[in-house]
Amino acid sequence: MAEALTERAAAAKATTTETMIVAAARQLEGERVCFVGIGSPNLACNLAKRTVSLDLELVYEAGVFGAVPARLPLSIGDPTLVTGAASVSSMFELFAYYLQAGLIDVAFLSGSQIDKWGNLNTTVIGDYANPKVRLPGSGGACEIAINARKVFILMPQTKRSFVEKIDFVTSPGHLAGKRPAEWAGAGPTIVVTGLGMYEFSDDGVMYLSSLHAGVTVEQVRGNTGWDIEVASELRETHPPTAAELSLIRETLDPDGTYSR
Amino acid sequence: MAADSSKVASMQEAIREVVRDGDTVAIEGFTHLICFAAGHEIIRQRKRDLTLARMTPDVIYDQMIGAGVASKLIFSWLGNPGVGSLHAIRRRIERADPEPLEIEEYSHFGMVGRYVAGASRLPFFPLRSYYESDLPKANPRIVPIDSPFSDDTVYAVPPLNPNVAIVHVQRADARGDAHIWGVLGCQKEAAFSAERVIVVCEELVGESVIRSDPNRTVIPGLVVDAVVVEPKGCHPSYAQGYYDRDNRFYVEWDAIGRDPQRLESWLKEWVHGTATHAEYVDKMGDRWDGLLPPEAWSEPVNYGRYE
Amino acid sequence: MAADSSKVASMQEAIREVVRDGDTVAIEGFTHLICFAAGHEIIRQRKRDLTLARMTPDVIYDQMIGAGVASKLIFSWLGNPGVGSLHAIRRRIERADPEPLEIEEYSHFGMVGRYVAGASRLPFFPLRSYYESDLPKANPRIVPIDSPFSDDTVYAVPPLNPNVAIVHVQRADARGDAHIWGVLGCQKEAAFSAERVIVVCEELVGESVIRSDPNRTVIPGLVVDAVVVEPKGCHPSYAQGYYDRDNRFYVEWDAIGRDPQRLESWLKEWVHGTATHAEYVDKMGDRWDGLLPPEAWSEPVNYGRYE
Amino acid sequence: MAEALTERAAAAKATTTETMIVAAARQLEGERVCFVGIGSPNLACNLAKRTVSLDLELVYEAGVFGAVPARLPLSIGDPTLVTGAASVSSMFELFAYYLQAGLIDVAFLSGSQIDKWGNLNTTVIGDYANPKVRLPGSGGACEIAINARKVFILMPQTKRSFVEKIDFVTSPGHLAGKRPAEWAGAGPTIVVTGLGMYEFSDDGVMYLSSLHAGVTVEQVRGNTGWDIEVASELRETHPPTAAELSLIRETLDPDGTYSR
């Protein structure tokens, strides 16, 4: 009883990012091979490896399989990912033999803009030839979106990021519900934002499946650029437990670089 | 195979569970690291109707095809390296003796490209070969393809995705993460292209040995179904640093393979007459004396601890 | 470069002789082994009109493009890893400030495929990417191509053959045979795809060190024109086992790159204000203290002597 | 004078194979990167490295660059080629980045049949589907013939091997004089047999350029299945010197496996 109270107290103080990280980590239960992005996805994967998915294998696009990072990497090619890893190969082999071959169960993506089919833009705001804001571009995102068996999307939600029409399709999601069968990947299955979690209907359309604690459907609608669908049985995201939070705060990201 | 982290199995178990009649099987290794021990166990278990794929069928496929395990051969160079012919295979191709053997033939780079395409899930691999050669006439799966960027033409070969790849390595851990050094052949591409993979190692080592040098890991445990520990499992092929190629055996095989009777007695004595490869190794006796090289160690490298 | 067996040159000589105005230059290295020392020397020598190719332009190309050496950029991910934007490059793309910068954009695998095609003299490289993305609309050099074996479509990218590739390595001999460990990126493919190659090493070692472990040789001297010895030549990038990534520098660069004045003073002080990279390294003083990791050595392997 | 006599005495005793090896080795002067076959080509290359081409780099299709074999290898993938080499890479890299890229200056080929354009057959005698003799096939020969900058052919000469029409084109030579410009390689430049040396005209047609000591043009004609052209200034092959022979006999192939 006292423990439950402590949990609630801790959970009440979880930051939005911590809530997102924990929600994403729990979705990794039962998954085996995860293509890890830097920042929140890295925390989510390392949290899952300590909680719901002890055998999770971490793959980094720099060519690393079976990484055992001894510190929180700032970049995707940090030396701590290499020392003690199971295998380090060339990027050609990583992209061809792991990702394109269909060995990646789950990959994390993010974006500056997303539409209701989970298509993502990380290339440009405005016109490609005359950009208002030049974003980083694809990196490996385009091929990850196509070839990873499932894609988890982790991104902040505002009316400017959840839009009716994205300015540029960097990474295809469910297109307009017609994802071709020859693609290895099933596309985005989960979107986690600071407000809630989303899944996709059989038609490839995003719907709100779970609200984070204290968030209302109206808040979600107010931060979505289209008329978002809501699950008939809308859940409430189970808040982070004290154990999850202490792993993030004490072990994985003690400086709070990515979680506060 | 068991889903737990140790995949260690005996050769008998691994072949029994992983190799099925009718499978396409690739025992790869270019001169180096050819897993004769696995080939012999396939013969002992009397597997049938296999399609055998290898760049260089070598003496191991002459033995296997002579023993009747295969109905088809996919290859790029059919010979006893440095010696001459593979006679058991030639008898089947030239005279259907004792039965026909279907063949599907490429060049070396074509076979390598097929494994690369298979490992990459590409529908084809392009290469600059086959121009004006008769190989595309002999094999309709070698076709010209135009470049979308120029009026250049290249040839495409289709992906090869064996049901089973068997790769021999110097050292592996129980999860199947494997170090190879010396001639690499297309062990990596074959392993990644296959549905199921058996890693056979000279030495089973702790994870810490593999992880002390992750750039040396040619095959990750991720794609491995079984790990078999079989010292000297390549004889008469070799394992760099462990034992030499038994060139004398390759020369001797010429006369054995030429004569169906002698081939049969050889199989009876050395394969069916031994229950395991360890017995075969013992039976060789002092033949090993000339095959164990003095040491030549690599300079280590420092990966650094980043904590 | 001289045709004799030693190709060792100073960075000044190597950049002067190998890099020419108007060249396409690839300083590769994925996070790891990015040769800032070479980039700085290109700035010092005021090279002009370069086309710079890199998967991840990183802070080195922000510095070079901020310094005005380039008129075009070929890339796949344009950011300060883990930090944010490359502001000098963004100013030129978004506002042509102080002048326009032409761009040619791919995804990571597309860039890797371009180097592989360039290194292999293939007219294109096929990959499973770009479907339903807007990238092929933005870049007409990404085109669909049909498989000759199925109704599968893949996308093709054209070969990339830079005039110059500059690759940093941990150790090399005077002929340019080079060992790399840790993240390999596409150093090998970039070197093989280029007309001219500069290898920059942390340590010059005897041939016997390289030849003690030929499987570790990522780049053979055959394709190398100059060997430059430049310890700590990657700062703020890193060399596995030698020094750590200076993450603090990457964070600090954000504010410097945002402000053209600060960028200019930084170049003046740290690049034009130092005659050589050795001076730059000295000038960093005790900043190195936190960047030198404890050792973690690989287990050696035995190649055996075969005589 | 005494030395010259000794030389002649030794040369007189050179075997046919030794004569071929020496003639081929001398042609490697000025070449840098050589793709080595097993047997006589291996001896020719290693002889050249000790005589006319000290900086010759030996490449073996097993993936080895800069080999320094401490013994005579029986196979193309012998362990002695690896220990002490400059680089050992995968066969994909060897074929793609070295051979196809055009880095190989000279490669050696052989064959069971050759025609006047230097096209080679190593696949089959008789019909492909119903072979009289099944030969080894291409191995790397087809791509070597197309991509090596020059090809040296070393083979025994009889009326059955030098034929009007070969049964199967495994490795294209000069086709019928129309070798395409986009091929990296110039095709066969030299053929060395037990009887003499051959070069190719601008039309890609083989002609006898040099007779080995004691061989007549009539012998050549008698061992060629077409009307062979003969150079207007026919040379006599300079016989192996005592130094060349002693290198072969004492250092390179003391057991005479490939040279007697």
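A, B, C and D are the chain letters, set down in written order, and residue numbers restart from 1 in every chain.
Operating definition for what follows: a contact is a pair of C-beta atoms (placed from the backbone, for glycine too) under 8 Å apart; a residue touches a chain by one contact, two chains touch by 3 or more.
Worth saying up front: this structure is predicted, and the values here are computed from it rather than measured.
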item: Chains touching both subunit A and subunit D; value: B, C
item: Intercentroid distance (Cα basis), subunit D paired with subunit C, Å; value: 40
item: Separation of subunit A from subunit C, taking each centre as the mean of its C-alpha atoms, in whole Å; value: 29
item: Euclidean distance of C-alpha centroids - subunit B vs subunit C, Å; value: 37
item: Residue list for subunit B, restricted to those that touch at least two other chains; value: 116, 121-122, 127-128, 152, 181-182, 184, 188-189, 215, 240, 244, 293, 296, 303-306
item: Junction residues of subunit A, two or more chains touched; value: 64, 78-79, 82-84, 88-89, 96, 100, 184
item: Category of the chain touch graph - line, ring, star, complete, other; value: other
item: Pairs of chains satisfying the touch condition; value: A-B, A-C, B-C, B-D, C-D
item: Subunit B residues within the subunit A interface of the complex; value: 5, 116, 119-122, 175, 177, 188-189, 192, 207, 210-211, 214-215, 217, 220-223, 303-307
item: Residue numbers on subunit D that touch subunit B, as the complex places them; value: 38-39, 61-64, 73-79, 81-84, 88-92, 95-96, 99-100, 123, 128, 131-143, 146-147, 168-172, 175, 180, 182-184
item: In the complex, subunit C residues that touch subunit A; value: 30-32, 55-56, 75-79, 81-83, 85, 90, 93-94, 105-109, 112-113, 116, 127-135, 137-138, 152, 181-186, 188-189, 238, 240, 244-245, 247, 250, 293, 296
item: Complex interface listing, subunit C residues touching subunit B; value: 121-124, 126-128, 141, 143, 145, 147-150, 152, 154, 156, 158, 170, 179, 181-182, 184, 209, 212-213, 215-216, 240-242, 244, 293-306
item: Complex contact set, residues of subunit D against subunit C; value: 33, 55, 57, 64-66, 68, 70-71, 78-80, 82-89, 93, 96-97, 100-103, 184
